[in-house]
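Presented sequentially are two complexes of chain A, the first with chain B as partner and the second with chain C.
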Partner chain A sequence: MLPSPSILLQYLVIGLSMGLVYALMGLGLTLILGVMKLLNFAHGEFYMLGGYINYYLITSFGAPVYLAVPLSILSTALIGMAVERLTIRPMYFVEKPGDYVLVVTFALSIFFKQLALTLFGPFFKKPPDYLPGILEFGPVRISGNLFVALIVSVAVIFGVIVILRKTYVGRAWRAMAQNVIVAKLSGVNVYRMNMYVFGLSTATAAAAGVFLTSIYLLFPDAGVFPLIKGYIIIAIGGMGSIGGSLIGGIVLGLVETFGSAFIATEYKDIFGFILLILFLTIRPRGILGEKLELVGG
Partner chain B sequence: MANKVKYVAVAVIIIAIVIAAAVYFFYLPKPAETIKIGLTTPLSSPGDYKSGEINKKTAELAIKHINEEGGVLGKNLSLVVADDQGKVDVGVSAVERLITEENVVAIVGIWHSSVALAQKEKCIEYGVPIFAHYTWADDFTADHSEWVFRVSPYNSEIAKLILPYIVDEGYEHVAVMAEDTDYGLGFANAFKTEAEAEGINVTIVEFPYDATDLRSQLTELKNMANPPDLLLIASVYEAGYVIPVQAYEVGLAPDCDIMAGWDYPGWSPEWWETTGEYGVNVTYPTFYHPEKLSLTSIGQKFRNDYKAEYGSEPPIYAYFLYDEIQVIAQAIKEAGSEKPADWVPLVHTMSFEGTTGTITFERETTEGSPVWNQWLGHQIFIIKLTEQGQTTETGVVVYPKE
Partner chain C sequence: MASTSTLEQFNVFFKKYSRFIALAVALVLPLFLSPRWVHTFIVAFYYMIVALSWNLCAGYTGQFSFGHHAFSAVGAYAAGLLAYYYGLPPAAGIIVGGIAAVPIGFVLGGVSLRTRGPYLALTTWAFAECLNIVLRNEYEITGGTKGLLIPTLFPRGTSKLYYYYVGLFLFAVVLILVYKLVKSRIGLYMAAIRDDVDVAEAMGVDTVKWKVLVFTFSSFLAGLGGAFYAYYIGLISPSLATMGEMVMVMIIVLFGGMGTLEGTIIGGIFIMLISEFLRGIMPGISLLFFSAVIIILIRFFRGGLIELIRKLIAGFSSSPSVAETGMKNISVEG
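Presenting the complex of A and B:
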């Protein structure tokens, strides 16, 4: 029997909200993959770091939310830029830098997780509610925190698109995405641009961490889940495509939600992997990934 | 001449080194020989490392107490810690290393059921006892090994113990949100068997253990023709904290009551921070309550020292782990030998003063019965947290009724 329209609407909203959240998780990975052609296995740890910095700014230093949020995103971006400068840039000068960077980011991931476990302890944490309570829109109910996270997701994705299309840095990144040698010959300082894009990528991860940990909690391994979802999304949406991340996130959110609601709850995560395998088999470049080098959808 | 001086100088240096080494090895005080106990517990992901950390602290305190009272057979006890990461292969390797390289006399601290079930096979193979202080899988003791002991309750025992409360409250349909682990599904199936025998309808909703968004599953429960009136959560990971919040979000709660499958809401420092107002009126089973069950003198000392040392109340499983290490120490003393083959046969014949009562290890010879080297003296309390900030100590005992 077909469920009532109100029930379908509830599932649709859950799926869309999860999709937007997933898109935010995948955004930073897409940027790095598109511009630097690198896989960053430590991306989730910047999500976690941003969440912790925000949490402690609010709870230990009494910072107001409007100050804590930008400070934590900015400081995580600076940490990201420092990490790129100190640990990733030296790899550009060795043979097969991509392979070395994989190992470096894998090691960074373990390092940051252990550091968080030592510094912040193993227990779950949650920043104060950004919008307390539950909002009701007809038959649809959504938590205030998720509502804020959805608005932030849209704003961040839109902001990144604006940066890519309207700024010198964005144009330089797009040039590098198409052909890094030509970009270099055109006077783009690719090393500096790599550092900037890494910083922006970690800033988006931090933004996700700041807002999503109020829903999914904060702990040393909090970044594992966004990393896995992020890679599924970029495979579905198209590598290096921001529009693809958005579509990939929403497709994944809807498939997981409707799959678990109407097929089997225990296989919710498996639906995502089935989707991943299907795309890798039938359309390996993803929905919008016409060329690997494309950035900006 | 010059060469001769050189040879003499080299000879003097060599002799000096030999003498110094001899002094070092024979005259300087050597570290005392110790009896080693192996603790294998999750201390990193994907294991439940927050519980593992408490296990480690508890075991360290137990060892400290025993050593302060003179140790065992004139020797100090020492703890050798291994991180099993909540992974079967890592846990099995850890046990093997502790036994073959560290020569531990017993394994304690085991946590995840799936890991523990594999670890006990290795212990049986090497003839070293393994003790479960909060591993609930019935199968852990069901093959009736001489080397496997359990102080904690087990799944079907807990299901039986909480059922009178479920019946008293008049619940007719219980939905068990069960993580896909040996604990989650083991508990859910044990509960289903017991509850359906009492005429209670049970729906099991299985989910990946690391799931953090369960709104679609909870929405499905809410939209059932006969929605559940009790949501029972069987999870040791973050799902145990997000489910109450998401149950309210989708509108399943407050019409449907919420019960945690174990006692983490009562001691976990993050419960109120993560659930806030949605954690109010959650119930959970536990096996200790300060006003309802008097601790023994050993239990009082443990509780006081744990609080002084770590600044928080010990959860009930810490009491059970503390008990296990005392059991091991007493059995070794009784046998006059630290060799497992000498003291392990005594364990099930002895009785031990534990933190919450006298511990004896029972044996039922029925094939497959989990009651084998199993303590059965657990008393259950169902606690309801009626206000934010409450713990097991300040929550309301709703079962057993006065």
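Presenting the complex of A and C:
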């Protein structure tokens, strides 16, 4: 039995918008992967951290939303830069850093999760709605929170592309993505640029966290599945390219929405994993298939 | 100089007989311990088996998996569910648990080890999280979050000493298997893959094949450990497949010293004692502590405890021969 076209359209729109929001996670990972050649397993914890800071700014300190959101994104970025400076930068000076950096970010992820569990407790929390109710565009209905998240994620992706194209930092990052040694020779302060890109990446994670937790709620493990989705996205789309993370995000969003609508809702998070296994079997380099020299390779 | 020579004699004696001394201590020790500490050691055997299998991948072959605890959870669930629903005798169940993890290890490894890059870490980690979700959701079969009470290896209420000796036996078997593997020709392939994949390939090592086979074998060992653990505690629950378990496995290997077998044993005992001690202070703090320790260890003491001990031994006895053999051991094994 095929459902009516309007319902299909509805799923399509939801899937597309979820995909664009997921692409935000993929974007942050892509930035770090492309510039620092590093797979960051703690990325989801910055999503969680951004969500918690935003939540406590609003509920405990009574900050208005337009103040709380930028503040929480900014402070998460600062925490991210501090983390990079303290735990990841020293790793560049040891021999064969590749896999050890992975273990460091993995340990960071557990550390932050456990810290959140100790500080904030295991309970589900929900920040206030950014746009209460449901919006209707003709036959398509979309929840206000998802709509806001969609707008923000499109804006952030656009902003990151502008930074990459138009600023000195962005040019330095692109140079580093192509060849770190040549970038270094051309006078780029590679270590500082690494710290900045880590900050920008955690800021995108925090932006996703601030807006998505109004839909998916907030708890210490909240960052785990956004991160898995981020990785699935970059593995599908092709590691290290922004276009790839956009395409991967949209594919994943559509697969998840249709899968949970027609197969099983409680396994929404599993479909992505099956997709990942499929892609690794059939086309390991992803759709865009950019070849990238990765750490740990 | 008399004292140095006795120390040297002691060194030689210790080198020759250390494994028998260790075995004797392991056999006699539980008779003098309270049940609580015997329990700690039984749990330590489980973690050490999984840690050995992780060490085989990460330490000896250089392939980092972030989901080894998921393989032991697969082993535990396969063994536990078969015993619960079909009355499989637990003794056979331990082997079945190991075998159950094999196809999963083979598929995950086969899919993600073909391409270079951190795909293995990514895939195993995603698998572990997904397994956790499946175990929670299929509550009609698995009992969901609260888990399932399964038959134990010995009737309930039997002394823990029996489990201790079974655990010791299993651990010894796994240790010997891993030792034989590492010392064999395959062990040389593994070291070559870890040290330089390109050179290994140039020398004619089929790197993908050996990576996948070693990974599959290590998932078998992890499944074995998981099944033993399930039959000991008599409960299977999704908490077996949480990332905290992986941290325990990692810290054991990293603390003791990666790519050494002695390190895993020493690390296992130390970490389990520390963990038991921390539990007394504040439950839940051990993970926070251990994840911070992992970062510090990787930054400053990548050789782990075993390298520290070797340096101490080499430093105490000023004879260069011991120092040299110590260095040789490090270069061969780690």
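A few comments on the model shown:
Keep this in mind: the second predicted complex is superposed on the first by the 280 of 297 C-alpha atoms of A that agree within 3 Å, B and C clash if a C-alpha of one lies under 4 Å from a C-alpha of the other, contacts with A are read in each partner's own complex, and residues count from 1 in each chain.
Quick note on the criterion: contacts are C-beta pairs under 8 Å (C-beta built on N, C-alpha and C of every residue); 3 or more make two chains touch, one makes a residue touch a chain.
Values in this document were obtained by computation on a predicted structure and should not be read as measured data.
With the C-alpha superposition on chain A as described, chain C and chain B clash in the combined arrangement. In the overlay built on the shared chain, the residue A:Pro90 is in contact with chain C alone; chain B does not reach it. By the touch criterion stated above, A:Leu67 is placed in contact with neither chain B nor chain C. Once the two complexes are laid over each other on the shared chain, residue contacts for A:Ala155 go to neither chain B nor chain C.
Once the two complexes are overlaid on the shared chain, A:Phe123 sits against chain B while remaining clear of chain C. By the touch criterion defined above, A:Val224 lies against chain B and chain C together after alignment on the C-alpha atoms of chain A. Once the two complexes are overlaid on the shared chain, A:Ile232 sits against chain C while remaining clear of chain B. After overlaying the two complexes on the shared chain, residue contacts for A:Ile263 are found with neither chain B nor chain C. Applying the stated contact rule after C-alpha superposition, one finds that A:Val182 touches neither chain B nor chain C. In the superposed pair of complexes, A:Leu280 makes contact with chain C only, with no contact to chain B. Clashing C-alpha atoms with chain B appear in a single stretch of chain C, chosen from 150-158, 186-194, 258-266 or 312-320: 150-158.
Put simply, chain A uses residues 113-114, 117, 224-225, 266, 269 to touch chain B in one complex and chain C in the other. Residues of chain A touching chain B in their complex: 3, 7, 10-11, 14-15, 18, 113-114, 117, 121-126, 129, 134, 141-143, 146, 215-217, 219-221, 224-225, 256-257, 260-261, 265-266, 268-269.
Across the interface of their complex, chain A is touched by residues 58, 62, 64, 66, 107, 111-112, 114-119, 121-123, 125-127, 129-130, 133-134, 137, 243-244, 246-247, 250, 254, 284-285, 287-288, 291-292, 294-295, 298-299, 302 of chain C.
Against chain A, the residues of chain B that register as touching in their complex are 44-46, 49-50, 52-53, 180, 205-208, 210-213, 215-217, 219-220, 223, 238, 241-242, 245, 248-251, 268-270, 273-274, 276.
Only residues 39, 41, 87, 90-91, 94, 99-100, 102-104, 106-111, 113-115, 117-118, 224-225, 228, 231-232, 235, 239, 266-267, 269-270, 273, 276-277, 280-281, 284-285, 292, 294-297 of chain A touch chain C when the two sit together in their complex.
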